[in-house]
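Below you'll find the structure, written out as structure tokens, and then a few comments.
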Amino acid sequence: MHPLRAQEREAERYRGATLAEFYRSTRARTMQLVEPLSAEDCQVQSMPDVSPTKWHLAHTTWFFETFILEAVLPDFTPFHRRYRVLFNSYYNAVGEQHARPQRGLLSRPPLDEIFRYRAHVDALMEELIASRDDEEIARLVEIGIHHEEQHQELLLMDIKHVLAMNPLRPAYRDDLLQVRHESLPIEWQHSDERIVEIGHEGKDFCYDNEKPRHRSLIPQHSIANRCVSSGEYLEFINDDGYARHEFWLSEGWDWVQTESIEAPMYWKRQSKRWVETTLGGSRPVDASAPVVHVSYFEADAYARWAGDRLPTEQEWEAAASAATTRAVNDLQSDVLHPHAPRDGGGMQQMMGDVWEWTQSSYAPYPGYRTPDGAIGEYNGKFMCNQYVLRGGSCITPRGHVRSSYRNFFPTHSRWMFSGFRLARDLV
Amino acid sequence: MHPLRAQEREAERYRGATLAEFYRSTRARTMQLVEPLSAEDCQVQSMPDVSPTKWHLAHTTWFFETFILEAVLPDFTPFHRRYRVLFNSYYNAVGEQHARPQRGLLSRPPLDEIFRYRAHVDALMEELIASRDDEEIARLVEIGIHHEEQHQELLLMDIKHVLAMNPLRPAYRDDLLQVRHESLPIEWQHSDERIVEIGHEGKDFCYDNEKPRHRSLIPQHSIANRCVSSGEYLEFINDDGYARHEFWLSEGWDWVQTESIEAPMYWKRQSKRWVETTLGGSRPVDASAPVVHVSYFEADAYARWAGDRLPTEQEWEAAASAATTRAVNDLQSDVLHPHAPRDGGGMQQMMGDVWEWTQSSYAPYPGYRTPDGAIGEYNGKFMCNQYVLRGGSCITPRGHVRSSYRNFFPTHSRWMFSGFRLARDLV
Amino acid sequence: MHPLRAQEREAERYRGATLAEFYRSTRARTMQLVEPLSAEDCQVQSMPDVSPTKWHLAHTTWFFETFILEAVLPDFTPFHRRYRVLFNSYYNAVGEQHARPQRGLLSRPPLDEIFRYRAHVDALMEELIASRDDEEIARLVEIGIHHEEQHQELLLMDIKHVLAMNPLRPAYRDDLLQVRHESLPIEWQHSDERIVEIGHEGKDFCYDNEKPRHRSLIPQHSIANRCVSSGEYLEFINDDGYARHEFWLSEGWDWVQTESIEAPMYWKRQSKRWVETTLGGSRPVDASAPVVHVSYFEADAYARWAGDRLPTEQEWEAAASAATTRAVNDLQSDVLHPHAPRDGGGMQQMMGDVWEWTQSSYAPYPGYRTPDGAIGEYNGKFMCNQYVLRGGSCITPRGHVRSSYRNFFPTHSRWMFSGFRLARDLV
Amino acid sequence: MHPLRAQEREAERYRGATLAEFYRSTRARTMQLVEPLSAEDCQVQSMPDVSPTKWHLAHTTWFFETFILEAVLPDFTPFHRRYRVLFNSYYNAVGEQHARPQRGLLSRPPLDEIFRYRAHVDALMEELIASRDDEEIARLVEIGIHHEEQHQELLLMDIKHVLAMNPLRPAYRDDLLQVRHESLPIEWQHSDERIVEIGHEGKDFCYDNEKPRHRSLIPQHSIANRCVSSGEYLEFINDDGYARHEFWLSEGWDWVQTESIEAPMYWKRQSKRWVETTLGGSRPVDASAPVVHVSYFEADAYARWAGDRLPTEQEWEAAASAATTRAVNDLQSDVLHPHAPRDGGGMQQMMGDVWEWTQSSYAPYPGYRTPDGAIGEYNGKFMCNQYVLRGGSCITPRGHVRSSYRNFFPTHSRWMFSGFRLARDLV
């Protein structure tokens, strides 16, 4: 089935009469993610980019409280008046924010109190959803739910980083499955120069940055039918890829040298083999699985080494829209790590394994307008010095994946589940 | 006359039998630029981005010596064996480089010695040009000349910064003219959605990053026929533009606050009026002239405040290619500061006033391949986290301006002569 | 009673047959300090200087395990082999250390596990103390106990800082008493030039840095009989003390300007009055109490403003040895904040209120030798760029206070309970 | 002859009727120091601690202009009104200062203009000295002359650093002599515990920090009769001294590791031997000469390695006052590098070779009072976190050396000509 079709069907389950159910199941899933963690685990912030689990739990709740309850309820009283600042991420229109690098210092409110905060807001939200049949409220609730889904992925990325900083190397879950399949040779999908429609289509939910849908000219090119595997990436390492300037962007070369980068994040060489930290603990690197936790710099350097390039986001989206593909895994699976699919053929590994770096700088689509109000700060103000990743990873909620989805990170980031596939020009 | 035509004619003067003349006049022009400066002025590096004048003089010479004389002459002996490292800017393929932020520490070699270095290399180069009729050598000489032209502009940008850091506020030249003309109202040039050819055309010199010429789809839009003026920019300032987060990219907002930015670089408020430092000293801001020395962040914030946006580089190039326009000024004029043209009508201020920020991230054109060898480091490795500026400024050598030229800087840079024009979507 | 006498008597209670009791009571007191805190509170590290409560609990246990159990027990097995690195503070002789600024990232081991670690080591230690009558072991146990007492004070200093960083302003304990007494005028104690004996005397425990006892010449001078009060310090503030360079050391002046320092740490101006954060929450500043949480720079600037100076540590010790004084409070009181004593007369506020900055750089006494082995790193290697504080604060364990005790901190530190008294030269 | 005697005699030459001569010869000597340098050399600032030669030339002139001419002349007009800020080093009482790290950016005023500035002020000063017989003016002139002498040494230290940063390794002078003598075994001078008089005696000029002369108790100890030689220091290096934590202060150990320190500043290992950069260019390390360009950390680590310690400044001064010693060299010699004396016996190498680190923190003497006015900022405000060096180096002006002179630097500094001698406790 067409992937957009599949998503639409899934989305339909949430829409209309079952918005309440969509809300409830999403909120419950967040709570499930926290189950393996102690209050202390939920407290820690291992770098400024990372937020404590507790903060994710509170901020997603704050989002509903601030943008819906406060805006809509006539007799609104905040759960706690200081939360407005404490759990504001970056909405200047809402007011001040607790400094991001200091989120991990907030031992109070304790985790239990945040659970109460969630329950309190959930009760009010469910009442609101049940009592009001208002298009605008429904739209905001939907944004809030998708926002929470985003934070579910962030929460897992972040806790992976937190636990990996600990020399005791604790696993997030000890019961995760290790799935391994053979990797098949890359097939190249040819595309002639053509005008394609890019951007979200249909009435399903999407973020503002996926619109407006517009026409775009993609050049003649080929795109790989799967991601670069860890085994292939190892050849780059073994060919001294990290020590040869000719493959690297100038900024990437500085980064490699200043940070002494020699392999993907979470990889460690142990005598003769490579092991990697996963959410299930330390494991030998799976040569067949897509390489994961690489920066834009590394993806780009590999591509140059291979004599190819990264695809543009338009090329990626065109390929995804044309393909029959499903998300391999999501954060509700018992896997939480990318692996090669059972069998190949056609476009592979588009969704549910790793986010794929494209060569496209994150920029507004033609005709894009920042929405009014605080919600306008959601996406638009980040449109510079970041690059687009497409596809969704093995820890992305299934309903959060779609071919028009634009994720974005700075060129040096790699604590998200980031990999890449190759493209090549046809001369 | 069509601007490309004009340039071609000018270029013709340099080509063929007169490559030697082109070489000689370019090298002589560099020496003229240094005339108003003392050896001490030529020594100073006021920030890591800036290079000392002396270093520019040496590095441009090193370029000819290393990439041509060393490669071509059978009995090549370097002028000084340590210069290979000292004056290597960023060519890893050539080997080590003297650390960029320490260029200003090199009191030796003295300026006089660098003059001798130039004369030495010039003698060998002129002999080489005269004696060899070799297409490949001619190509390299041409690159070297254009490289030197680039550094002529850098030299002026840099010395402006050096002198502006000095509380004595010395002028680069005391004999510069102040040109002022009325600014006419902006006219909007409409463009339908269409496929345009982007990139360098013809046999004239261009950099690798201007190629390959390729087809690109530009959306329906309008583009302003002139740049935003200082007077218009003042309205943004007076409307608290620098203090209202809603106009700023997130990274720009951090920059404005961390650096306490309140106006374009070189502007200072003096009681009730604004003055700016120019190469001719301190002057009242000319409300009619294009605003200059603004960062991408500022250009983008102004555009949001105005309800418009920056053009893409494709939109800019399409407009420039269609227009009848000439460079207003260049570095051989006695002006060295942007001003409004004498009269309006049609596309204005495309060249010879300010470099214009576009919203386009600096990226390879479809089919772009980094050239082999050290020369491949010239452009390609900088294609990330920078944005494209188009048009050429009042201190750009006249022969160095063309509609396909892609200049690029990081989003916070503004010591170059950077301004911008607006574009808008048509809905 | 002579203060040394009082301490000796107290100490006697711990010595000989009751070393076990001394051990047990000290360890138990640490556990009591943690009672008001959640596991999350115990996790947080609010700046590199601060350690998480959990880390203090583990490190003090590590000290006994590493320096005694491991050294003495023939069949020693560590509680956890990674703890050797995780909870090593700064003993290079023991080996690697977990990076200090990353102590707050260790959500594992959880607090409960550290409690088990403590119980495990306690059982072995008590067995060892009961079974061996060995002078050297007793000496090490005693060091370990005093080491733990030091960390009891650090734990309170640190948790005060952690909680004060929280905008919710939680108190460490809600049941603390507020004690206020009138402050009496300063009396000046005169001393002629004379040779005094400085350093620890007798057989009681002391640290290596308090020895050898030696002769020192102190000049003719006077010393204040009490500390500078918050009310007096307010006069300095109100006289623009923080804005007048003439009172400040050059490095202090840089510090004041770079850090925008305007008052003691934990002070905040609220409309017309000053409030301060205490372990019992926010309170109006008590003008009669000794000013607390000031840096060496502030103490020194106040002294210059007042026309006086800080005492040397020799002057302080001579005054303390001659005086009849007792610690006003300690960490087992229900006060945990300095206050003026009920009545004056004689030398006041020597112990049990605030640590007092002296003008003495922390340096070895004549004839001092660093002890051999890891324990030699306890004190000696810190003898540079720090200044000596004397007297013991209201959160210092009572048995840990003595007139020869040398505390030391860098000149900008002020999260410890630091105040000062004045001295003056007699001309 | 007693060294103080010798100095007094020398000083007498300058006093009374010949203050003018003293002024003139000092000013002329500064100009001689600049002779080997180009205007470009005089421009460069190689680190914030270093000042450009041009700045030294101007600042010493500013000192006379600001503290004498401006204060005394009724019709005073400054040479240039901006110089008051540009050449103010750190006198807050005078007003604002040009930022220290930006001294190297001032290409204007050019060196020639500074020469004119010097001539202008000299003319006025000489007229003033000739026309006024005023004790207070004479005192200020004398301070200004000694201030200039200090800057003569700073100028040489700084230009050594500037030239050493240059990969071309230029020498300050190519005509310097290399003097080498055998190093004799260390003899230890015994001292019983005794009270000594410390601080400047007599009517000769001294700085405020050398006073008041006061009684001090020094313990029984021995002091080495000469400095540690480079050969001895090499044994420490060869014994892995830089890699063994047990010899280092904690802060020193951090410094060694962070900065990758492996030898004295200016030393470089060349295959099997060590060479060092001197003012006369690169030379093999002279094993007999006192080791030079070491930090307090290195001096202290060596002393621990040797089982000894650094002397206190009182021990040093007591030894110097009792000895018969003369400065080996000064900045007017043609040597400008330390060397062993021709023959030994008695206290050696006290003056004219290297500044000697003592273990004494720089602190006020008992009874010290900061002088009133701007001149009070000369010394007092630096009395923290620095350590005292004694003796004067081979580039110190001869008249600037005396046994009571207190030089001071932070513990990591080593671009001054710093070495050390050992002391030991007698148990």
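By letter and in written order, the chains are A, B, C and D; residue numbering begins at 1 in each of them.
Going forward, a contact is a pair of C-beta atoms (placed from the backbone, for glycine too) under 8 Å apart; a residue touches a chain by one contact, two chains touch by 3 or more.
Being a predicted model, the structure only gives us computed values, none of them experimental.
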Just tell me the minimum hop count from chain B to chain C, counting one hop per pair of touching chains. 2
Greatest Cα-centre separation from chain B belongs to chain C
Chain A and chain B: spacing of chain centres that average the CA atoms, whole Å: 38
Suppose each chain is reduced to the average of its Cα coordinates; what separation in Å results between chain B and chain D? 48
Please list all residues of chain C that touch 2 or more other chains. none
Select the category (line, ring, star, complete, other) that matches the graph of chains linked by touching. ring
Pairs of chains, among all present, that meet the touch criterion: A-B, A-C, B-D, C-D
Touching chain D in the complex: which residues of chain B? 38-44, 46, 54, 82, 85-86, 98, 102, 104-111, 162-163, 165-168, 170
What part of chain A is in contact with chain B in the complex they form? 90, 92-93, 193, 195, 214-217, 219, 221, 245-246, 248-253, 296, 300, 304, 309, 359-361, 363-364, 366-367, 369-370, 376-377, 381-385, 387, 411, 425, 427
